[in-house]
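Multiple structures are listed underneath, in structure tokens.
Two complexes, one shared chain (subunit A), two partners (subunit B, subunit C).
Now for the complex of A and B:
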């Protein structure tokens, strides 16, 4: 039996815990505490590592880790990324500068992104349509990064599954081709 | 849905930002067919009247400092409603033009279409706008594959287990929006690449991917 790891990262409130709960076969183990950052309208936030689980028919297990959102924990991001098979970055479009938020995570995982499959989900685009997905695509293009990016509602299982499927497709692309 | 290609390579940065902002507003309308593209071919090219170099486009729309009676001109400052109205008329004209029978020697668009038997490798240049892929998981998967690596249509078909014609349709859709780079690489049979990363064996990786998809109901 092998164990694999998929990381969910993003700012506080981006929906990492919710996304993991949408696909995990068991309720995710949550390490939330009361949020003391009064600038965010959020009562609780993750300070440790949330994780969910997927057990495959082969017996292999995939652990779904939600990283702490705060940038001060970026030393943990690098450690977690080392043995991961994929990274999902969640962005909350209702925040004051979500494009800058994305850049924080692209920079934070920059060492790994040349090989680590990655997908980006932008949440709350329905209620906060600006910046648009095209703006995010422009940011990636300006950095010469080509990463699947889509609008998501992390409460919808199919949206989270589609993000995971793009990680799998990147694994497949690395298996075949020129 | 036919995507119409709009080019703004000769405009100043402020006007580029303005036009992009207009297009974001227009794209809220699901019938809006236009997309801004980075390079030719263009269906329409928006230029300043001072641009004198040869421009290659189906139609050239010129920005002028004052209102002009000439066709295909818009006065500055560019207004959203004026540009939108002009685009709707241009779309109508282009659609009608494409419906006209063409002599055989004037059908480059068909000749440019990627045939399902093509042996070229295709690589995505930039992630597509949401209007092109929607939330269609097969299209998203194909775009993802060629975002990572240049692939032939038969390789895409084998990996996604989709018909060659469907792969060609997606590549043509992306190519129509200027998002595909064609690479003529040496023709080799599809083989599994070298192992690497978290998986010691590529067959283990494939088995893992299939197992995850089964688990997720894909």
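Now for the complex of A and C:
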């Protein structure tokens, strides 16, 4: 039996716990505590990590890890990224500077992103249309990073599945591609 | 004063021939070329042959061997394996497709160098080209090719397209938006597939644009252009794109917005690092025409880098050997997620 790891990262409130919960076969194990950041508008936030699981027909397991969002835990990001097969970055567009938020994670995982398939999901674009998806694409283009990016509602399972499918397509391209 | 050009056909079914003759009548109002049907192959300016029949295919071969000066149009489902210079009219017979091909044929004829052009043609890329040469900034435009290709060429403009019955749609091409009050999405798609000459197109100033769209809801033109490009592509590369060219994405297509086609997802992933159409077909095991459709759609939305150089061919022994284990893993994950 093999085990594989997909990592979900992103700002506090971006929906990492929700995203994992929407595809995990069992309720994710969470390490949430009461949120003391009143600006965030949520009662609880993850300080350790979230964990979800997908068991395949072969018995192989896909472990879904959610990192704590706070930048002060970035040492954990690197540990979790080790041996991961893919990284999903979630950004909350309702935050004050979501473009800068994205940059934090692109920088935080810079070493891993050279080899690790990644997909970026931008949440709450429907209610907070600025910055636009194009603005994010510009940021990526300026950094010379061609990373799949799309608007998502992590409460919708199909959106999370599309993010994972995007990772799989990249893995296949890396494995079988030219 | 329009020229009168004559079309002869061969191997067409009775119903297609009747339809063809009716459609030719639509060119009567054309300002450049009016097409008539002729039963005399020698008097024809262009010859239309159904190449999905063995007889039709051998007639095409004979035509090429004889190096006739007439323009040859192949009526075919796929058009695979056509010689250079042969125009493709895809099945089923549709007026918009026919008019676009006839305009292309008229361009060959009126330039007086059909034979030379065929000689210079660089594979399927040039065969069903619809890009316009005209990039003038006059108030209204005429030209050859389809409306979609015209908009692609004029990507920095705001343009108003008015169909034959006066219904209009405004394309703010630069901002990737369109506005209409009396056309449905399907009708706008049909308009994009129409020949430019069948539509009146006017350039709009920013003031006119602002005034006209005041009370009209903006709609994202990306999904519209994407769908239209896939629909009219028919496995033939747009003008300027080469079958042996090297293609690479300059941005990731928003496949959630454009339609999450699993093949498109794989192609986009492969095109992150770039590849030729042959390579893409090899690795995805998809038909070449589907790859070409995707390349065209990416080109229309400006997702491709302008990288036309050929890539050295990779021999089978140099290619990475597919790991069945990994292929199986990805399939199992997809299956588990219900993809």
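Observations on the structure shown:
We take it that the second predicted complex is superposed on the first by the 178 of 178 C-alpha atoms of A that agree within 3 Å, B and C clash if a C-alpha of one lies under 4 Å from a C-alpha of the other, contacts with A are read in each partner's own complex, and residues count from 1 in each chain.
What we mean here is this: a residue touches a chain if its C-beta (ideal position, glycine included) is under 8 Å from a C-beta of that chain, and two chains touch if they have at least 3 such contacts.
Everything numeric in this text was worked out from a predicted model, so none of it was measured.
Aligning the shared subunit A places subunit B and subunit C in steric conflict.
After overlaying the two complexes on the shared chain, residue contacts for A:83 are found with subunit B alone; subunit C is out of touch. After overlaying the two complexes on the shared chain, residue contacts for A:118 are found with neither subunit B nor subunit C.
Legend: residue contacts after superposition of the two complexes on their common chain; A:172 is shown touching both subunit B and subunit C.
When subunit A is checked against subunit B and against subunit C, the one touching more of its residues turns out to be B.
By the touch criterion stated above, A:130 is placed in contact with subunit B alone, subunit C being left untouched.
Residue overlap on subunit A between its contacts with subunit B in one complex and with subunit C in the other: 2, 4, 23, 54-58, 60, 62, 133, 137, 140-141, 146-151, 159, 161-162, 164-166, 168-173, 175-178. Of all residues in subunit A, only 2, 4, 23, 54-58, 60, 62, 83-85, 115, 117, 129-130, 132-134, 137, 140-141, 146-151, 158-159, 161-162, 164-166, 168-178 touch subunit B in the complex they form.
Residues 249-252, 254-257, 260, 262, 265-266, 268-270, 272-276, 279, 283, 311, 314, 319-320, 322-323, 326-330, 332-339 of subunit C touch subunit A in their complex. For subunit A in complex with subunit C, the touching residues are 2, 4, 23, 54-58, 60, 62, 133, 137, 140-141, 146-152, 159, 161-162, 164-166, 168-173, 175-178.
The residues of subunit B lying in touch with subunit A in their complex are 20, 24, 27-28, 121, 124-127, 129-130, 133, 135, 137, 140-141, 143-152, 155, 158-159, 183, 185-186, 188, 190-193, 196-199, 202, 205-209, 211-218.
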